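Alright, structures below, take your time with them.
Each of the next two complexes has chain A plus one more chain, namely chain B in the first and chain C in the second.
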Partner chain A sequence: MNALAGEANGPANSVRETSAVPLLAVRGLRVEFPAAMGPNKVVLQDISLSLLPGEIIGVVGESGAGKTTLARSLLGLPPVPSRVTAGEIVFRGSDLRKLKESELQRMRGKDLSMVVPNPRGELNPLLTIGRQIATIAQVHLSIGRKEAREKALDMLKAVQIPDPTRRFDAYPHELSGGMAQRVVIAMALVCSPGFVISDDATSGLDVTVQAQILDLMRTLAEKQRSAMLFITRDVGITAHFCDRVAVIYAGQIMEVAPRQAFFFAPSHPYTIMLLAAFSHSADLRRRWTVPDVRRRALPGGRGCSYVDRCPLAQGKCRTEDPPFVELTPGHFSRCHFPVVR
Partner chain B sequence: MTAPLLEVTELYKRFPIPGSRAVVQAVNGVSFEIRPGETLGLVGESGSGKTTVGRCILGLLTPSNGSVRFQGRDVTLGKRRSELRGKIQLVFQEPSECLDPRQRIGNSVEEPLIALDVRRSERRARVLESIDMVGLDESMLRLYPAELSAGQQQRVGIARAMITRPQLVVLDEPTSALDPTARAEIIELLQKIQAELGTSYLFISHDLSTVRFVSHRVAVMYLGMIVEQGDAAEVFAQPVHPYSVGLLSAVLLPNPDIKYETVVSLKGEIPSPINLPAGCYLASRCPLVVDRCRAEMPPAEKLDGGHVVHCFRHREVQALDSTTDTFTRFQQEARRILGVVPAELAPESANAPSATRHETEGRQS
Partner chain C sequence: MNFATYIGRRLLFIAPQLLGIVLVSFLLIKTIPGDPAVLMLGPTATPEAIASLRAKMGLDQPIFTQFLFYVKALLHGDLGTSWQTTRPVLEDLFQRFPATVELVTFGLLTAIAIGVPLGLASAVHPKGWIARFADFYGLSAGAVPDFWLALVFIYVFYTLLGWLPPPLGRIDLAIIPPATVTGIYTIDTLIAGDWEAFASAASHLILPVATLGLINAGPILKMTQATVERMLQSDFSHFEVLSGMPRGMVIRSALRNSLPSVITIIGVLYGFLIGGAVLVEIVFSWGGAGQYAVQGVLNSDIYPVMGFVLFSAIFSLIVYLVVDLIYFAIDPRIGH
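The block that comes next holds the complex of A and B.
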């Protein structure tokens, strides 16, 4: 059940020659929404993931799978009214769930940060972008105004904003969408956080700008040795950008694998269906799709959550929780009948 | 050769900025044709004028200059508009925003027919026919948009557009708000409708890999100009305009080993359409720029097979990159990797798809 076990052999490790101590380790995370009647609704369960310094892990899934809830729960901000009810989030040796809110508050923005989509909604329209970046540095790094200004300028340069000294005094409305997204990234990275979450940060951008932004985030993550959790709906991005990829469905990680294994030997029927949806071949997609799905509640909440959509489902899938099996080193699949080749 | 259904010639659209003498030059001399039963993909970054072109065709905007001819008749003239009602339709990007939240699905789908003065008895039959065509159940007609998933809402949007039996449908980013599986379903639905009814599509999108697989021909827009157009498979395999190359090389296909390899990379972002440069609009971002590009606008050059390009240096572009059809290779690889069916499991599976599984194989290119 533990995704941590195989990671010592992951590609990130061999390539990057880091110590095997993960920077962030999530074990058995569970998030629930209180329901007016009956038991709580479980939106995330049994989430186990760990990231090495400098590693980028992609999390893909469809809307409603729990991607954003995961991102926010890791920062201790699960969307209201949900609560984290089990599990631990160990960051640099300490469990974030055991910290006081004030301690966590100091870490957010400094050690843990998040890049969100819709940069214009994120920026304060009444303050210049330079000031917004500098304030974060000033507050978290306890440095003076001047030094913070220098840092903000360096950051604007790092995210390749042309003419940074002039743009420092620009207001958010004076920037294009791509520029505003760069500013949000600069804000997220100005304190060199150890762990960065990107929640669909490039989804509103054009492909050419997206390519530039992805390159940028990757370079900065490498330079600062930050670990990154990259949440997206676009599987294509993860193929060229992430060291490992996890697929999330109905609040559970269905498959997690090093990049090459994920794309060349996908094993979970849901992963295969998702990849087939990107292949633009109708026959391929149909082969992995069950027509006319009617959702049936599983008795006693047991069994595989994907059972009704799975073309390989059998009796066992409805009655028993599928195991999270390790197929090859670092490649896990939550399935009774994973596809192996 | 069949006569084109739609002919757009030297289309210009400028938007004056209130309180200023500046003008947004949104569309700058666009020409293209769409034949019956054909899909033309219109691609480009946001702000390149794709949607404005679509709206000029629909008559929602009046072009500043140039002509839009539908079945040989100029549709930009006011009095001709009513004759075209229902012949050109639109499908929107956000399915949830284009349906009236307080109208039942049935009413939304029926509405275009009321505008066309169709009799009530016939309307009912046409609504059923249309909703069936998009694969929705009759019982859904009584529901409200909020009760449907995004994919179902988009099916309703398509049913509403198709109910007037249009000859041309402008699809403005019809899938970009949808999840991958819903997107694939909607694309397949649109292709099915086209195969059955011979409807022409103008498919506006910035999702290049979808455009590659649904379009017969493709036009690449940049700052209100079509910089390159031609057969979709050809343009995607061997683009000759540096902008098309830059756009294609930024496409991330879900296969880590397949990427459009090129030496051409674009810098910066799309300039403002208010102050357009004198020469080629791409000059400030193009790695192959020469002095001439900054001084004069490259004219349209016709290459083989209806391939048209606006670039002085298209031969150099062609010589730089070797021809590789990245998209076809990607699809072949996907078939190899995902085309596995564990034989011992498939027959007894409780959910095994019926005989339809191999039905459409071979039809899909």
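The block that comes next holds the complex of A and C.
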């Protein structure tokens, strides 16, 4: 993590929720999944998060924590059959939940876009990649075929695909995974969206390609002043990448911290365990091992959803919902007994 | 690999494929019990007369010799003679095969016109009333026998309402059939410019075509529905939705990705129906190739059966070739 050294005045500290009008503000978002019997399952609850223009927020959590549901819900497409049941998603001043589907559809890919993993499956196998990028530009920017083609070519160049003119006419099956991932990024960014979600986009790639793709996304996002929500299971990625980090567990945000604070002063026991799991210190890993207990099925009952795994749990943790407290400016933790150093 | 080499390679395989089909079907048909010599001469024939006819027909030879004789004649364009019609099988088939092809083609086009839109609509709105109707329809089409539906149609539209002609062949008995160009009446009457004959041929087609169309729309509908539904659930469709593509474009690209499966089922049905439409042919006295072959089987008349098998095989091979060429044209992953 030497990239962090001497960055006290870097983006992590320069970005404050209070300092400007957020581009996207999520408040009290709740997503439920209808159960065959009994009450709905709560997949996400009380999600509040805001992004400034150009800011990059990392969202980390284990699989099943609700990361992808969060990403899709922000675009108004929660995975079927779950539904957003409460909260608001304010983007550039308007609540996306109040928009009609047709209005949302026009915004997707243009103002809010998403980079997805498994890029080869995400591309239409029957169309050339150039055509697929150009079509998005054509649909959203109301430009002609020729202009769209130019734009797509520029985009292929921007994502550093070698020999873009020739690759324009390539089909998805002719590309490597890394190339296809670049194409998916080109499709997500071709309309210069204000907000980009990357949903574990680099998980399927090998490490060197992953690094290239991450750098590329960061550079492009900076150039376009796009805010990014960067969903990942890999804590290491967030270190190099994000201005702030949100830790999500069982459908709740457990901690939000500026990057520096996330790594050097994590407060929630779950965050500490996540970091310990990635740590090189055997001692740290041993002291903060996740006990092998079943996660509580439903968040939303009384008490903390992490209580069964938490080494610091006390009686209160089982009976009272933990508050989401601001420890230092911009650093929030959902814990009765946050670790403070 | 380009188109031409692809076709060339496919054509190269047609000859051995045909030879194999001829061999297998010859052996199978020969194992059907029944002696044509006995049937031809009737119950009063003497054993000597039967033996001499058998020798004349070559039936006393070993089966493989018989096969070689058949293939040798085949190479000279001689498909043998039917003892029932006493005419060369080739002539009979040239007359009857187009009748079946005409019937089956229009029937299949009707089936496509019903099955594809209905399947698409029910895949797009899986819980809508169209989907519920399509489910019911798919079940019924699978359960109702075609000849029964044909009989109901005849009863309603000929007997009760009198809107359509009686089920007696391809054209009104009082109308002279058009000069044979393709053997397909609806085309030949148009070539001859004979509107009255065309109207008659067309009106005779309506009921059998409707029967075949309604019954065979079932599998096409099911295939379209299942594949389009799967494509709409696939990652690339989700990504198109996430990218804000209009619903119509998402559906169109799902349909396009479903075409190979739909075209496969259509191709299979086309080859199958040449023989599979025989019950409908019989109900409407169509005089097609299927009817001809069944008569042959029932009367140990081997050459019409062989001729029919050969014609159907060639027809199916052509259909499958066309199907493959369509794959080639729509799917860039094939042949590269």
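Operating definition for what follows: the second predicted complex is superposed on the first by the 307 of 341 C-alpha atoms of A that agree within 3 Å, B and C clash if a C-alpha of one lies under 4 Å from a C-alpha of the other, contacts with A are read in each partner's own complex, and residues count from 1 in each chain.
Going forward, a residue touches a chain if its C-beta (ideal position, glycine included) is under 8 Å from a C-beta of that chain, and two chains touch if they have at least 3 such contacts.
Values in this document were obtained by computation on a predicted structure and should not be read as measured data.
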Overlay on chain A: chain C relative to chain B, clash or fit: fit
Chain B versus chain C as contact partner of A:P322, first or second or both or neither: neither
First, second, both or neither for A:V139, with chain B first and chain C second: second
Which superposed partner A:C310 touches (first chain B, second chain C, both, neither): first
Chain C, chain A and chain B - angle at the middle CA centre, rounded to the nearest 10 degrees: 80
Touching partner for A:R286 - first (chain B), second (chain C), both, neither: first
First (chain B), second (chain C), both or neither touched by A:G330: neither
Residues of chain A touched, compared between chain B and chain C (which is higher): B
Partner chain(s) touched by A:L77 [first = chain B, second = chain C, both, neither]: second
Which of chain B and chain C A:G130 touches, first, second, both or neither: neither
Chain B versus chain C as contact partner of A:G58, first or second or both or neither: neither
A:Q105 touches, of chain B and chain C: first, second, both or neither? second
Nearest-approach distance, in Å, of chain C Cα atoms to those of chain B in the combined model: 12
Sites on chain B touched by chain A in the complex: 45-46, 150, 179-181, 183-184, 187-188, 191, 206, 208-210, 212-213, 246-247, 249-256, 259, 266, 268-270, 330-331, 334-335, 337-342, 345-346, 348-354, 356-358, 360-361, 363-364
Chain C partner contacts - residues on chain A that touch it in the complex: 72, 75, 77, 105-110, 113-114, 116, 118, 121-127, 135-136, 139-140, 171, 173-174, 184, 187-188
Interfacial residue positions of chain C with respect to chain A in the complex: 234-236, 238-247, 249, 253, 256-257, 330-333, 336
Interfacial residue positions of chain A with respect to chain B in the complex: 62-63, 162, 176-179, 206-211, 233-241, 259-260, 263-266, 272-291, 307-315, 337, 339, 341
